[in-house]
Structure formats: C-alpha cells, structure tokens
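Consider the two complexes below, in which chain A is the common component and chain B and chain C are the respective partners.
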Partner chain A sequence: MLLLGLAFLGLFWWYPLIKTFLLGFKLAGLGHPDEPWIGLENYKELFTTPVFGRVILNTLYLAVVIVPAQIVLGLAVSAVLNRTRLDIVQRVGILSFYTPYILPIVAIGILWKFLYHPSRFGIFNFFLSKLGIGVLRWLEDPKLALTSVAIMRIWQRAGYVILIYLAGLQSIPKIFYEAADIDGATGWQKFRKITLPLLSSTTLFVVVTTTISAFMTFESIYVMTLTAQGGRGGPANATNVMLFYVFNNAFENNRMGYASAAATILFLMILGVTLLQFRYIRQRFEY
Partner chain B sequence: MKKTGLLLIVMLLIASLMAMAGAQQEGSKAPGEKVSLLAWWTVRKPIMEFSKEEVKKFETEHPNIQVELMGMPEDALQQKLIGATKANIGPDVVYIDENIVKVMYNAGVLQSIPADVYTEAEILKMYGPKAKMSKIDGKYYGFPNGDMAAVLYYNIDFLRSNGFSPNDIPDTWREFIPLAQKMTDLANDIQGFPIRGREASMWNALLFQNEGFLFRNEKEAMFAGKAGEESFQFLLDIYKKYKVSSRTSLSANEAFGQGKAPFIYNWTWFIGTLETNFSDINFSTRVLPTPDGTPPFGSYGPSYGLFVSSTEAKKQPAAWEFWKFVTSPDFQLGWSMLRGLIPARLEAHKPEIFGKSPYRALAEAVANGVSYSFYPDAVGNLILGTMVDEIMEGAPIRDTMQRIQDEVDAYLAKHSDDCWIYGKEWYDKNK
Partner chain C sequence: MNVKKISAGEVLLFTFFLILLILYIFPLYWMFSSSFKTAREITRIPPTWRPMDFSVEGYIKVWEPIFARFFLNSIIYAGGSVLVALFTSSLIGFVIIIYPSKLGTVLSWSAICLIMIPFTILIIPLYLLLVRLHLLNSYLGMIAPRIVYPFGIFFMQLAVRNIPRDLVDAAKIDGCRPLGIYWRITVPLLKTSIATLATLEFVWRWNELLWPLIVASTERLFPITVGLASLVDPYFIEMDQYLAACVMVVTPIIVMFLFLQRFFVKGIAITGMK
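Then we have the complex of A and B:
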C-alpha cells in the first residue's frame, strides 16, 4: 500500500515537477521530438521579452489586490456572522457567501462578463449611470480590466475565507473575552489584543492559500477576457498573468520548453512569497 | 432427472453450435470487413446537424463504412490532434482551421492525397488554378471548403425607416460616413456604423484597401507604413471625429443584431449568425466602401478544410472514400451556405445562390480581394490583439506599429515554417 502511494506520488507529483524543471532547459514542443538542450536560452528569452515583465507585474498586482481584500472582507463578515445569535441567519449567511465558491468558475465568468458589459446595458454600468457617474469599460479598458477580474475573484472566493475565519473565531475560548470585559476593554481592544493574535494561525493559512490561488488565476482570465480580435489575456496584455502565459505558450504556441521555464519561475515566485509569509506572519503574530 | 438435465444441456449446445454456424454463414455473405471511421468535426451546431444527416446517406451508399462525427472545439484541436495521432488514437478524417494547417503538416499529422484518389489534373479541374495555393512542398493534402470575405451588412428596414434605400449606400468611405452620421443617435444607443469588437478585422481590411500588406514575404512583415497608419487613423476617427460608433455602447454585432445600427462591417460567417440568432433582422450585404470606390475591397480568406489523418493503412481507403464524399460539390455547397463561404469546388458555384443576396457581395469581395495569410495565434495576437488594442487606447500609431512589426519579424525568423504567408511578393507574382 505504501509502495502504491509512493508510486502515485512519484508518477503524478515528482515526475511532472522534475520534467517541467528539465524542460525549461530544452527546446521542447511541436517539431522538436528530440528535445535538445539549449541551456538558459528559454530563461534569457523570458527576461528579454517585454510582455513577460508585464505578466509578472500583473500577477503580483492581482495578488496584492485580492489577498488583503479577501482577508478584510472575510474577517469582517465572519465577525458579524459570529456575533449573530440567530442560528438560521448565520447558516443563510454562510450559504449565501459560500455558494459562489462552489459554482463552476466558467459559469461565473460568463455571468460577470454580462454584468461588466461596457454599456448601460451592463448591470454595474446601469447603476453607475443612474448615479450620474457614467459608464466604465470594465473589461475593455486596459487600466481597469485586471482590477475587474480581481473584484470578481474577491467575490467568488470570499465564502471560503469567511468559512475559515468563522471556524477560527468559534474556536477562541470565550473566557478571554470575559476576562477582558472585567478589565474594561473596549470592542476594538478585544479585537486587536485577543481576536487577531489568536487568529494568527488561521490568518497564515488564509494568506498562504489565497496568495497561491491569486498566483494561479487562470479560468477567470480564460473565460472573461476573450475578445473577437485579440484572443485572451487582453486588452493589450492587461490581464495576461503567469498561469495564462504558461498555458498559452505550452498549448497554443506549442512552446513546451519556454512554457516550462515560465512555470518554474511561477513555482519559485509562489515558493518565495509563501516562505516570506510564513516567516513574517509567524514573527509578527504568533505567541 | 439427471437424464433430462443432460438432454437439456446437449440440446442447448447443439442450438448454440447451429446459431454460431448460421452467424458465420451470414458473415461470409458480407462483401468485406466493416470499417469504423472517426471524424473530428467542427462544433458549429448547424454544420454538425447538416453533416450528421449527410453521413447517414454516405453510410447507406457504403454499408461497410461506419462514421462517427465527434465535435472538437477549435482551440482544443491543435494539442489533442498531435497527441492523439502520436498515440495512434487520432481521427481518420479531421476538420482543421486554416491557421494551423501548416503546423499540422509540420507535425506529420496530414496524409497527402494519393494519385488513385485524385490526380493533379483532376484536382485542377475540380478546384481551378487556385488549388495550387493548397500545395505544400509539392503535394496536396486538402483544400479549403470555400472562401470568405468581409462585407458591409445593412439593415433594409432601418434604412427605409430613415428615408433611405440600399441604392443610397455610397461606394467611398468619404461619402459613407455622412450617411452613417445621419442615422446616429448615440444617446439612445443608435450607432450609424458601430465597430466595437471589429476594429482589428476592419483595420486589416482597410490596410489592403489602402494598398498595404501585412507581409512582404515569409520572413518579413510590412504593415508598419503609411497604409497601416491611415487605416488606424480612420478607425480612431470613427469614434472620435465622426462619432458614428461608441466604445461604451453595444458591440457592433450586438447593435446590428438588435436593430440598433443600419450598417456593420463583418466577415460573411455572420450571415449564419444573423439567420440563426437574429432572424427578425431584414438584412442584406454589399461590398465594403473603399477610399476611392474601387477594389480591392479588403482581404478574403480560404476557409479550411477537411483532411485525412488516419494512421492505419487498412483504414485509409475508407477514409479517402469518406473524404471524397465530404469534399463533393453537394456536401460542400451545404457546408458553405451554413458557414458563409463561396465553395471551393467550381461545380458548387451555383449562380442561382451565389449570384443573389446575401452571397453576391461575398462573391464580388472574393473576386476583388487580396488573399489572406495564415499564421499561428502567437502572431495573430500580436498584430490583431496587442497592436490594435494599444493603438485604439491611444498609443502612438507609428511607434507601436513598428515595435510590433519587429516582434513579428523576430517570430518569423524562427517559426516561418508554421505560417502560410501570401505576402506582397507572392501577390505581385500571382494576382
């Protein structure tokens, strides 16, 4: 049984990982069945291609917008739900926020594409124009497109964060709050001195998983940014993020070696940021 | 009891043996072994439905050949086809988009047409001299189903309600724009000539109209020039100067489909979309206006195509038999009408169909257009994606075009084998 488990791990985890790493140093893909070694050529090309810099910045931007927003939103909503005395309200609240998380992202992406229609026929623009703000080209303005995708992702994954934080909040013993009440602590003081520190391991988990998820954004880009003329990842590469770039080069452009090099960089980015988060969040909050 | 049981078993055995012998006799009556073919097909619903009906006829005529049509999305085809063919589980006949024909040829997926299927003389008789455009390294592998082109769609009822008729549509852009302006009311989402979502394709048509070309030859792009610049300026003017289209209103296709625009620019595949999704729109087509009212009207593109990809030698005769059926004039005519094409087979050019609206404009645009080139998405996304997006968002036209042209040249230097370029040099030699 152990052998079977190790074989499974080797075949579906270590082999692809090592193969991807090695392919990054090869000319692989269509027309190159021999996969000749080319050293660091793929990496050189990645770092000299103008669009790759944009892709890295887009990926980081997505994480910088999504992670804090999901944590703040998740913590706030779960705190409200935790204080709710009516069980039914809490359950309906969880169900409402959690449903988008379990819905197919493709269906959500198509739906949000309609919501983001750049005319007053889109629901968001309808309300904006009623308020006299005017309409926005949500997915068509290069300055706004990635933020629009981020907003959808925040909404879609909020339920997951809320659920995790709610479990974390419910596991904090009430005795700490009762002692603080006796000492005359205010609500904010209790939150800052008791809730936040005791949620540090939950926060670490949420930060790490949400960051990885943000770095791995793909489906929403694939579904929401398709235009008749420029394919996906536009306009003007505004929504071209790492995982989409890897996919596009591997499966659309048939450049497996180049895509593998980009995938290795994505892996290192995730590893680096995760290690930083472990170090920083543990040092700051855990005691 | 034992005797009865034994007798029953013996009788059953005899009955089984007789049945088997009967089956064998019946089998020996069949003229040959039954061959099952797998064909990866377009997922376009009307074409798939039409094809399924036609395949039934083929199977009746060829009782030993059974065909399964499997819809395969175009964006999944490239990777799946190569992988499946390598693993010997690929299709026997496949529908391949023109942009990846060369890629598939290079990957060794396509079978060349044997002389016992069609000789070159027969091919030229069936397809005319244009057939030679499909020759790759001296061999024929497959042909386009037909040609498509960009045309001007107009809403007959919309024109009438504004006091105009199709005869009032002018031949030059200079005269066309004022007409579109007369029917524009952007506050109420009425766009005289909406182009949102069609900018890239229209820039491409304008480039050819302005006597420009995308490519000089297989190694060199040449769109960064005066013709390209003028074409972009005209597109920008449509929004900013002429104000006949809005970037914060319905897209071109949506506006025309919802009866909120008298005209749109689009390729002829849109005929099928209008007939199936917006059947209440009373539309027709005509060739595009041009700067001086004379051709070329833009580019036209052969729409590929059906190929034999069977790796099993014993299946290949049946695969070619089926391929001959699906490239026959009757089948191609049906396919072409559903896809908005002028059929490639000369016999399928029915004047009673293609001499009339909405196909007449297509025939004229193809006859007076410049052949399009085919290239993988990597190049398409650069030219029609990044470049068009950036310039339409306000990036300097000349610098952006030059930068993208340099990137395309760098791609061509490495991957021109995957492209099927009909550049200016080819056109000058073969027009």
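Then we have the complex of A and C:
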C-alpha cells in the first residue's frame, strides 16, 4: 500500500515537478517528442520579451492591490462580527460573506462581466452615471481592466480572510481587554496595542495565502477578458498574468519548453513567499 | 440578565455593517434576479430591481442535452475524485500512523513537501505524461493525479493521530487484522474528518477549471466549469442564458453549503485553499 502510494506520488507529482524545471531548458511541444536541449535560450527569450515584463508587473500588481484590501476588509468585518452579541448577526454575516468564496470563479467571473458591462445597463455604470461620474469601460479599458479583475477577486475571496481573522480574534483571551479597560484604554488603543499584535501570526498567514492565490490568478482572466478583437488576456496584454501566459504558450502556441521556463519562475516566486513565512514563524514573538 | 446599553457609536457601526452586508450580497441577488428576466429586460435602462416579466426563457434555451452532459461529467469527475482520494488518503494515513515504518515516514514527508507545491505548476509535464499514457480526453486522465493526493494524506494522518491508541491496541490484542482495524475502528471514528475532506475535495473539483480544460478536448467530456466558459461568446450577447447557466452551476454548491456548513468551516481552519 505504502509502496503503491509512493509510486503514484512519484509519477504524478515528483516527476512532473522535476520535469517542469528540465523542460525549461528544452525545446518541447507536441511536435518535438525528443525534446532537444537548448540551454538557457528559453530564459533568454523570456527576459528580452517586453510582454513578459508586462506579465510579471501585472502579476505583482494584482498581489499589491488584493492583499492589503483583503486584510483591511477582513479585519474590519471580523472585528464587527466578533463584537456582536447577537448570534444571528454572526451566522448571517458568515454565511453571506463566505458564500462567494466557495462558488466557482467561472460563474462569478461571468456574473461580474455582466456587472461591469460597459453599457449603462451594466449595474456599476448605472450607479456611476446616477452619481454623475459617467460611464466607465471597465474590462475593456486597458488602464482599468486589471483593477476590475482585482476588485472581483477581493469581493470573492474576502470571506475566507474574514473567517481566518474571526478564528484569530476568538482565540485572544478576554483578560487582556479587561486589564486595558481598568487602565482606561480607548477602543482604538485596545485595537492598536492588543488586537493587532496578537493577530500578527494570523496576518502573516493571510498575507502568504492571499499573495500566492493572487500569483495564481487564472480563471477570472480566462473568463472575463474574452473579447472578439484580441482573444483573452487583453486589452493589449493589460490582463496577461503569469499563469495565463504559461497556459497560453503551452496549450495555445504549443511552446511547452518556453512555458515551463515561465512556470519555473512562477514557482520560484511562490516558493519565495512560502519561505518568507517560515522565516518569520521561527522568530515568532512570544507573548 | 445583564442587558448592556447600546451606545450611539455601536448603532452607527452596525448600520454601516448592514449596508456593507447588503452591498456584498447584491451581486449574487443580481445574478438570480436577472436570470429570470427576458433578454430585453436585462438590457433595459434604467435596470429593473426585480424581474418585471418573469421568464425562464434563459433556462430553457441553455438546458440542452449537452448542458446536462456537462453536469453529469462534473458529478463523475468531482464524485470520482472524492471517492478515490478518500479511500487512498484514509488508508495511507492509517498505515503511516498505526504501523510506523521507514517507508511510512518517507511517504508522510513526501506528502507534506508536495502540499506546498501548487498543482497548477505541474500541468505541462502532466499533460505530456497523459499523452504518453493515452489517457488524454478521458475521465481516468482527469482523476489520475488525484488518485493519491498529498493534502488528503496529510489531513487523514492528523485525524488518525487523534484516535485513542487504546482502542487500536485492544483490537490488535484480540487478533483483529489490519484491514479489520481500519474498517471497523478507524473509519467509524474518522466520520467527521472524512466528511470534511469529502466536502472540500468535492467543491474544489466542482469549481476547478484549468486542469479539466487541458485534459478534456471534446465537449462530451467537459465538466460544468469548462462547459460554462465555452458557452460565453466573445461578444457577450446572450446574457439571459449565461446568467441562467451560472445560477444552475452555483445552486448545488450553495445548497451544499447551507446543509454542510460546519464541514466547510472546519476545513478552512486547516488549509489555505485557493
């Protein structure tokens, strides 16, 4: 049983992992069964292609927008949910914030493409024009497209962050707050000096998981950015991110070696974030 | 009873909270309500807050035999993955903890290392591997990488560790065979963990797009996510149909969530899922 388990892990997990690194140095695809070595050619091309620079920046931009927004939203909502004395508020709150997170991004993406519709029956544009701001082109505007995807992701994933923070808040002993009350601390002081520091390991966990999930954005791009003019990832590569670039090169252009090199870089980015977490956990603060 | 006075600040806070909550669920409401509008009403300006001429036209147009097939495929893919992963994960977890061995330790560490590696990174070599095994475009090919599942092994190992060892030892003394211990003692005690893993795995596979998108190349094998994505045309015109399809895809998960809430919540405490 164990041997069989190891064999399967080896064949379907370890072998592909090593093979991804190797393919990065090869010319591979469905027409190249012998996969000739080409050294660093793939990497050379990656770093000299302007589009790939754009792809990396897009990926980092998603993380930079999504992570702080999720933390602020998660902290604020979980703090309110934790304070309420009404059980029903907490239950309904968890239910409504968590639901988008468990739904398929494909469906959520189509829904948001509808909400973002550039015409005035698109509900966001309807509200904006009511407020006198006028109509935006959202996913069709090269400057706004990636932010539009990020907003959808923040909404979709916040429930997860809220639940993690709620668990963190509930594990803080009440006695700290009682002591602070005796000392006459204000609500904001209590939040700054007790809640935030005691939640630091929770926050680290949230930062790491949220960053990784932002790096791995794919489904939303695939569904939301399809246009008649330029296919997906547009307009003008504005929403082309790492995983989409990998997918596109491997399975649309049949350049699997080149795509594997890009996948290796994505893997190193994720590994970096994960290792960061371990470094901090080791020197975690004692309270 | 100690009834505390509610301060004005608190009222303000909860009002804000309530507004946020309503804004938050509005997109989902909008999906359900727009899916019951006619194609004409969806594009009306100003938008109507609820369906004025209630219509199920979108549903009827979408519900073709192939769409039913997408559902069936998803059930086979997600359900099959769950059954296989539950069986292998619990059995391997059981053997690793109850019958410690060098091989077990290797497997256990191997699984832990692999949890940190996103599956998506592996898709290119996996695709080439399926080509060579002639498993492309088949259910087996879709399920293959999840037959032995690192996260499941890790999860089940934690669960088996929490089983009282006395029960297992007593069964050993009574001469119960390993498979008997597994089936009569471990599995019944692991019910909650098994249900949690089953729920998580089912939802993950139901929602997954990229892997089945690569493996399934004919419509006949598309699970619901791939089918839904293929339904949307570049001009995004038949919105009544898209929204109706979205509602149909989303509803089973919402119903599952309402009934199995505690398993969802239990699951997220252990994992940082996507």
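Please note the rule applied: the second predicted complex is superposed on the first by the 263 of 287 C-alpha atoms of A that agree within 3 Å, B and C clash if a C-alpha of one lies under 4 Å from a C-alpha of the other, contacts with A are read in each partner's own complex, and residues count from 1 in each chain.
What we mean here is this: a residue touches a chain if its C-beta (ideal position, glycine included) is under 8 Å from a C-beta of that chain, and two chains touch if they have at least 3 such contacts.
Since the model is a prediction, treat every value here as computed from it, not as a measurement.
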item: Partner chain(s) touched by A:F205 [first = chain B, second = chain C, both, neither]; value: second
item: Touched partner set for A:F121, first chain B, second chain C, both or neither; value: both
item: Which of chain B and chain C A:L111 touches, first, second, both or neither; value: second
item: First, second, both or neither for A:F247, with chain B first and chain C second; value: second
item: Partner chain in contact with A:Y43 - chain B first, chain C second, else both or neither; value: neither
item: Touched partner set for A:F191, first chain B, second chain C, both or neither; value: neither
item: Chain B versus chain C as contact partner of A:Y177, first or second or both or neither; value: neither
item: Chain touching more of chain A, residue-wise (chain B, chain C); value: C
item: Partner chain(s) touched by A:T227 [first = chain B, second = chain C, both, neither]; value: both
item: Partner chain in contact with A:M256 - chain B first, chain C second, else both or neither; value: second
item: On chain A, the residue positions that both chain B and chain C contact, one per complex; value: 30, 119-121, 227-228, 251
item: Contacting residues of chain A [partner chain C, same complex]; value: 1-6, 8-9, 11-17, 19-20, 23, 28, 30, 77, 80, 84-85, 89, 92-100, 102-107, 110-115, 117, 119-121, 123, 126, 155, 160, 163-164, 167, 205, 208-209, 212-213, 216, 218-219, 222-223, 226-228, 243, 246-247, 250-251, 256, 259-260, 263, 266-267, 270-271, 274
item: In the complex with chain A, residue positions of chain C that touch it; value: 4, 13-14, 17, 20-21, 24-25, 27-28, 30-31, 34, 42-47, 88, 91-92, 95-96, 101, 103-104, 106-107, 110-111, 114, 116-118, 120-129, 131, 144-145, 147-148, 150, 153, 203, 206-207, 209-210, 213-214, 224-225, 228-229, 232, 234-236, 239, 242-243, 245-246, 249-250, 253-254, 257-258, 261, 264-265, 268-269, 272-274
item: Interface residues, chain B side, partner chain A - complex; value: 75, 78-79, 82, 103, 106-107, 189, 197-201, 246-250, 376-378, 380-381, 384-386, 388-390, 393, 417
item: Residue ranges of chain A in contact with chain B within the complex; value: 30-31, 51, 118-121, 125, 135, 137, 140-142, 227-231, 233-237, 248, 251-254
